[in-house]
Every structure is written in C-alpha cells, then in structure tokens.
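One chain, chain A, links the two complexes that follow: it is found with chain B in the first and with chain C in the second.
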Partner chain A sequence: MWRLLILSALVGLTVAHKDDDDDRGGLGGRLFGTVIDPRLAANALRIINLERKLKSVREKLHEAEEVDPERFINNLIVRVDDLEGSHCPEHEFQCGGNEQECVSDLLVCDGKNDCHNHHDEDEDVCDTYPVKAGHILSGVSHWTDCLTRDDHVTRIVITQTKRRKFFQSRIWIRANVESDLEIDGKKVVSEFHAKGYYNFAHRRLTLIAADHDDHQHYAVVCDFNYGDSERATCNRVEEASNHHCAHLDVHLEDHDHHDDDHDDDHHNDHHDDHHDDHH
Partner chain B sequence: ACSNSLTSVELAASSEVIALRLKSVLKMKTLVFLVAVAFVASALADHHHECDELTRLMIKSQWTRAYSSGHEREDFAKAVWRALFAQVPDAKALFKRVNVDDLDSPEFAAHMLRVLAGLDIVISILDQPEPLKYELEHLKEQHDNRHIPDNYFDAFKTALLHVLPAQLGRCWDKDAWSVCFDYIAQGVQGHS
Partner chain C sequence: SAGETWSEFANGQANKMKSLRLLLAALVVVTTSAAGHSKKKFDRDEAIDHLMEHTGEVTHEIYDLEAKLDARLDPDRIQRAGSLRYRVEELEDEKCGEHEHSCGGDDHQCISHLHFCDNHTDCRNGDDEKHCTPPIKAGDRFTGDVVYDECTTRKPEHITIVFESVETAAYFTGFPTFHVHLEMDSHDHDDEDESSLPADGHYSFADHELFIEPPEDDGLGFVGVFDGYNFDRFVGDIIHSTSDEPCARFIFHRDEDDDHHDDDDDDDGSVDSIIFEFI
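Coming up: the complex of A and B.
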C-alpha cells in the first residue's frame, strides 16, 4: 500500500496530463525511461485506480445493506397475512402453507411436530432472537389514554430469559422498562422491573410489572409483526382488561459496536440452563 | 395483580381495622409500631401462605379459564402431560395399560382427559369442605396401590405451574396455585 502511494505520487508528478497509456515522449517519459519501465508504471496507475474503485464499492455496500429485497418481501407477506387474518381461534397457531391447519399455541415450538407440514417447529417460527437477553428495544410512546404524557422515548431492556427444557413453547422473561420523561423541565428516567413471556405462535412479548404492589406501571405487549426480529408494534395496556393506553413502535437498538453484549448473552443463557437443571 | 386483588384488598382492609383497634386500645402511637403492623400486613397481602377460602375461589375461576373446553381442552391436557414426561420419563411405566408409548393415541388421549377431569372435580368443589373430603379420599384410594413416588407429583405440579400461565397469560397467581396444588396432592397421596 505505501509503496503504491509513493509510486502514485511519483507518477502523478510525471503523467498528470497524460493517459495511462504508454507514451515515451515528454519529461515523464524520459524520466521513466531511465528509472522504471513505463509499462510497469502504467500498471501501477491501473492498480491505484482499481483500489479507488474498490473503496467506492465498499462504501456502496453500506447503502446496499439498507435495501434488502428478501426482507422487504417477507415484511409484505407478513403484513398481508395479518390483514387476511386466519380462521384459527385466538389461542391457536396457523400452520401456514396451503393446508390451513390450526394447532394450539401451547404446542408450538415444544420440540414435537404437531402441524402436518411441521411448520410449528420451523426454525423461523422458533427463532429466539427477538427476545435475547441484552437486547434493547426502543421507540417513542404515544399516550392516548390513562396518563397525560407528551410523546417520549421508552426502552425495553431484556435482562434475563429462561426456557424450560420440559416446556419449551414459552420463553420466560425479565426486563427493565425505562421511559425518558421531562418533569418540571428536568429530564427523568422512570423505570420499572417487568416479568413476562414470549409466545412463539403469535410472536408476542408480554411484560407486566414484576412487583405485586406495583400498580402504577402499565403492562407492555409487543408483536413482532414486521416479518423480522428487529421491529415490533407495542402497546401499553391495563394488565387486567388489556385496555390500550399508549402505542409505541420499537426497534432493536444497534449493539454491533459492543461485543461484550454478545458475551453477556451467552453467559445469561448458560446461567439459565443451569438454573433449569436445579428445578 | 389481576385476580388476587380481591384477597389483597380484603387483607389490607382487615389489617387496617386491626391497626385502628390496636391504636385505640393500646393508645400506642409510636411510629415504630405502625411500621411494624404495616410490614406484617403487606407480607400477608403479598403471599398466599395457605390455600384459604378466597384463594380457593380464585383457583376455581382461573381453572375454568385454563381447562376450557372441546379440543382446546385436549391440547391443554397434552401440554401438561408432555411437560410431565419430559421431566420424569420413567413415569411412563405407570401408564403402559393406556398405550403411553404413543402419546397421540386415542387411548392415551382419553386417559389424559380422565386425569384432568379428576382434578377438575376436586377444584370445582374446593369451596365445599364435605364433598371435597370425600373426593380426595376417593382419589387417594385410586392411587394408593399404584405406589406413585412423590417426585412424580412434584413433576406434575411443575408441569401444571408452567402450562397454566402459558394458557392464562397475564392473569394468574403462582403462589395461590402452588399452595392449593400442594393441598390437593397431599390429599391424594395421603400425607398430611
């Protein structure tokens, strides 16, 4: 790389006004004629050019990542499926495909095939990624009832997950729910501990206040209904009646930069497995 | 906080009355005393230490929702039994007579429902001491000569206590189910 740079500086001085085609005339030609093979110099230029192009391709890669046709189509399929609805009762999972079979959501992702097409044990369906420990789901809460609050940011920080080996169709979850509020001109973070579960069949995360005496914090119900595991539509609801108080769309906060987070994940999972064995 | 609000409110109210009475009788208004009363009251309100009358009513109503009907009931039973055998596979030996090798067989499906039906009877008369006593005695007789190890009962409880919240969602009370299940299981096992 450094050699190329030096070379490029040299060549830049000499052939600034020429094509990179071989040309023995002029000052540059004479210089190269005596010092370096001009063909080599021309190739060096080409290489420099290629390197520049590679750099711009690399930059474009980031833009390309933003557009994901597969994800887009998946997203559309899920949205349309949602509108289409299913004939399955509330607590049932539709096996999909052309068979239109319904199975109980208690049997989805429990390690045994219940759909004839085995869809209830599909990797996509049983993906645990939406609720990995360490994940932070954040979005803006828009209150329409229950509390008088301006729009504010809310974060759901998943702190612990448990999946019992003998009953795998739910993931039991602990989380912190944080809200950035502004009270009397001061920024305050209102936070509470929540417990709940993730239901594979409906891709739904439900969290209620973990403390029995905690009646002031509304429950959170999130549906991962975008066809991916990074976005969800959530509501703050009254625990008993499921009455909707606020709406928020959340997305998974980028934590590519903190590699420690991933380690924490593993640690947590292991810990939970261990915990399982004791029970 | 869903359905146990009844008991918490009740207990909170009664503890308030007690606190007021004590206050007038003893004329002790020290802060320390009140704090102590409040502490005891909140501890009482938080946990169901026993399967008392109100707790039994709550169990009854939650069971009705979980037990449901039709093929939803079959699925509920299936989930419970799968969770049971996943914990104690050896327990299958007890059910050879009802084709346990094929959990989806009609014979075993019938048996799963039959056992839950027994549990349904017990739970539905939890608030009637006399019939409850006879039903538990009846179940004890049925189980006596099968020599069922205690840990199978524990595994059944664990299975039930995981499938119930999955079925009921937000509104269920783990402590209440734990104490009342123990009460029923002890009746069936004959332990006191």
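Coming up: the complex of A and C.
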C-alpha cells in the first residue's frame, strides 16, 4: 500500500521537475497547488483502500468455500430418507422419486434400465468416485467390543479395482487397511490386505481380510451415507456374524485437488509411515 | 461444479487486482503526460474524470463481490440451517450414551457432558471448547407461550423468565449457575393474580439445557432446551422434578427490548462502512 503512496509522491516530483523546466514559478507553490491534482491524490487513496478491501474479500472467499449449501442439503436429504426407511425388502433398491418401485440390487448400475424412471442407472447412483483406486479413506476407530484398543487412526488405501464387463453392478476391490497403533509406547502401523466389493444400490463398501495370517482382522463395512462421495460411516465387524466391534467415520484424504502444499505434506507423511512399517 | 465457480471467482479477483495495477499505471501515465503537455489543460481534466469514474466502477464491482460472499456467509442463514439439522438429529438414534454428547462434525466422537467447556480440549475437533459463551446473561428476559399445561395450579397463558444474575465458577466452567424470577399472570372467575417466583438453576453447555429448580414446594421444575444454533428461542418443559416427567410445555422467545447486543453489532458495521465511504 505504501509503495502506492511513494509512487504517487514520485509522480508528483517528476511533474514538479518538468514544470520547473518551464520556469513558471517556484517548486513549493506548484507541488501542492496545481501540479498534483487533489483529485488524483484522492483517487490514489481510494485505490489504496480498494486494494485493502480486495485482500479482505479474498479472505472471505476462503471462508465461503467452507460453507456449501448444496452439500448440506444433500446430507440432510440422505439422513431424512434414512429415517423414513425404505419399503423395499432387503437386497432391493428403491427407485426413488415419486415412484414406489423396487428392483433387485443385482440390477443396479448394470448398464440396463430397470426402474421406470431409470433411477437405477442415474449418474449419481452409479458414481464410482467413492472407491477409485488410489483413494485413501481415513478416520478414527473407536472400539467398543472385540479388542481393547484406544482410539486410533485407520486408513483404507484402495489399491485396485475391477469391474467385470458382463456383471457391472459391483466393483471388486483390493485395499490395504492400516491402523496407527501405539504398543508399549512405540508407534506401530498394523496393516492387512483386504478384498471386497462396492455395492451401488446401498452405497456400501465391504472389505474382508484377503490372506489369513495368525492375526484376526476384523472386516470393514463402510456406508457412503453422507450424501456425497467423500465421507462414509464405517464399522469394524466380525466376518461371520456381522457383529459390530468398532465404529469409524472416514473421509477421503484429498491428494490431487486444491491445496497443493498441504497435500505434499500428506504424501510425505505417508511415505514415512511405510518406511517405519518395513523396519 | 461449485468448486469451478469458486475458482472462476478467484480468477475474477486476480483480474480485479490486475485492473487495479493498470489503473495505477494509468494514473502515472496520465499525470506525466499531462505535465508534459501542460498547455492542453482541458484533456488532462477529462482524463482525470475518466480515471475517477473507472475507479468508481471497480469499487462498485468489488463491493458487489463482497455482498455475494456475505450472502453465502450470512450467519442468520447458517443458524437456520443448523436449527434444521438439529431437528433431524433429534429424530435420529442417539449416537452417544446417556450422559455423553457428540462432538459433531464428520468425525464421530462422544465425550462426557462434564467435559464440555471445562477449558480443556477433549474432542479431537475441539468442538467442546468452541461455544462456551452462555446464551443467557443477567438482564435477559424470555417470554413463553403455553402449548399445553396439565399440572400448574395457576394455568398461566405466558411465563416470563427474568435472569437476575448469571455466574460461572472459575474452577467448573461447564455449568454456569443463575438466579431467575418466573413472572406470570393468572386469572380465574374471582381473582387476578400476579406472581414472581424466585428460583435457582444452571445451564449445561453440552446439551444447551437450562434447568430451573422447583421454586415452590409442589416439586415442579423446569427444563429449557435450545437447539444449539438459535439462542433466541427454546422449548421449555415443566417437569415433576422427582420423576423427570414433563407435564406442561411453553415455547420461549427472547424479549428483544432488553437486548442491546444486536444493536451494537449493527453500529459497528455501519461505522466501518461509513469510514470506507469517507475515504
């Protein structure tokens, strides 16, 4: 801002200097009288204020990005829908809208319209974004049963996805499930490979342990029930009985959109974790 | 798509910044050139007029932008949205235990009521220490209109709660205590009664509840619940203090005449804008 003032002062001086060449009077009188037009000076002040104003508007823009009405309303719609419940039997998908129609969840997103309103092939129903390979879903696990553990961070790293062309209503998934534990004061990453699938009809991701080592690993069941594709409510469950052992809310760690600096940090953190793991 | 709009918005801002710089450059050019050909006095005036007009236009655009951002950040709107979410939350199953409360946000966590606003952050997202100004202060008045009444002897149409004093113990900040007068008029065939019953109570930050101990020996206490977003309104139930059973309900609204708080805020805003207009 001050450089603006200095600049305008400089401008004034050059002007005064040129006028001096014309030899039409002393510098002092010219400087404040006719040479720097008071209107120009006032205008410069206005511009300085505008620059300040723009800065505050920019800050407000960042605040405004946090407030997302569309996301908020979608979230409430899903929650209210959930409260209302579905009149469809288990393993069926409600076509939604005004149509009270149910179709089997095996027909949802299979590339063929089964609902009369075509809702089962809608873009937002068949969005594969929640389970893209490379996505990291992270959150804090709170164990209420099965294991005695303090709250700890769990990450679901989706490593591979496969969608069969002849059976598109599921996405088959491989993932690593990592937990940051603290055992005897040391930080340890407990990790297991998991396989499972994503079911479009119920927006549910199910992962079970892929190889059976000597540890028992509890399956992960995540419902993307926030009305967006970035947040999910998950449970750690016993595979056979579906008994709930722990609860975790996960969100997608962003790594390729905005906030570049921030994301780089995340990446580094992650590499370090892996490093520790190998030692 | 919202993200795109915002980035366009940001670009727009950057452009505004550029146009400001251009304006400044124009100012320099105009001044020097005007000085160079000081005989063409008429042109110089016109150029300055043009410049000022242009500054005015840019000012207008910047304020326009700010107004749009303010509309999105409007606290009233956020409060109304929050109240709506509260109503959905009330319908949903309790996520936390009886004397626990949710930290809110995307990351599910329950902490004890006793830990809210105790000057120690217990929630991972810090939510338990974020809203720790009591919504009531000495001098506040709330007037309630009856919804139903099955137990009071006076059967008043309205009750006014006048907060005489509000105190927070320095070592136990989660539960401010207060002293109130419950004012009510009642009339039957024979009499016109006025009562002003003194009573003590406390406020709980965790669930935004007011408790008022029974002012008389009929064992009727009072519980008022704010929705956590709108602190100008609450639902008040008269309860049998031994069984916690509600038997009368009033909807309370803050009496505005004693509330100077909002006026102050408005004044601040206008002073700010007056200064801006002035410069």
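Descriptive notes on the structure:
Please note the rule applied: the second predicted complex is superposed on the first by the 199 of 279 C-alpha atoms of A that agree within 3 Å, B and C clash if a C-alpha of one lies under 4 Å from a C-alpha of the other, contacts with A are read in each partner's own complex, and residues count from 1 in each chain.
Basically, contacts are C-beta pairs under 8 Å (C-beta built on N, C-alpha and C of every residue); 3 or more make two chains touch, one makes a residue touch a chain.
Because the structure is a prediction, the values reported are computed rather than measured.
When both complexes are overlaid on chain A, the residue A:212 reaches chain B alone and has no touch with chain C.
Of the two partner chains placed by the overlay, only chain B lies in contact with A:112; chain C stays clear of it. Of the two partner chains placed by superposition, A:238 touches none, neither chain B nor chain C. Legend: residue contacts after superposition of the two complexes on their common chain; A:91 is shown touching chain B, with no touch to chain C. In the overlay built on the shared chain, the residue A:142 is in contact with chain C alone; chain B does not reach it. More chain A residues lie in contact with C than with the other chain of the pair chain B and chain C.
Residues of chain A that lie in the contact sets of both chain B and chain C are absent, per the superposition on chain A. Across the interface of their complex, chain B is touched by residues 89, 91, 103-107, 110, 112, 164-167, 169-170, 196-197, 199, 206, 208-209, 212-215, 219, 239-240, 279 of chain A. On chain A, the positions that touch chain C within their shared complex are 4, 7-8, 11-12, 14-15, 18-19, 22, 35-37, 39-40, 43-47, 49-51, 53-54, 56-58, 60-61, 63-65, 67-70, 72, 76, 79-80, 83, 139-140, 142, 151, 226, 231, 233, 247-249, 251, 257-258. Within the complex formed with chain A, the chain C residues making contact are 2-3, 6, 9-10, 13, 16-17, 20, 23-24, 27-28, 30-32, 34-36, 38, 44, 48, 51-52, 55, 58-59, 62-63, 65-66, 69-70, 72-73, 78, 81, 84-85, 88, 91-92, 106-109, 124, 276, 279.
Chain B contributes residues 1-2, 5, 8, 42, 46, 72, 75-76, 78-79, 82-84, 86-87, 158-159, 162-163, 165-167, 169-171 to its touches with chain A in the complex.
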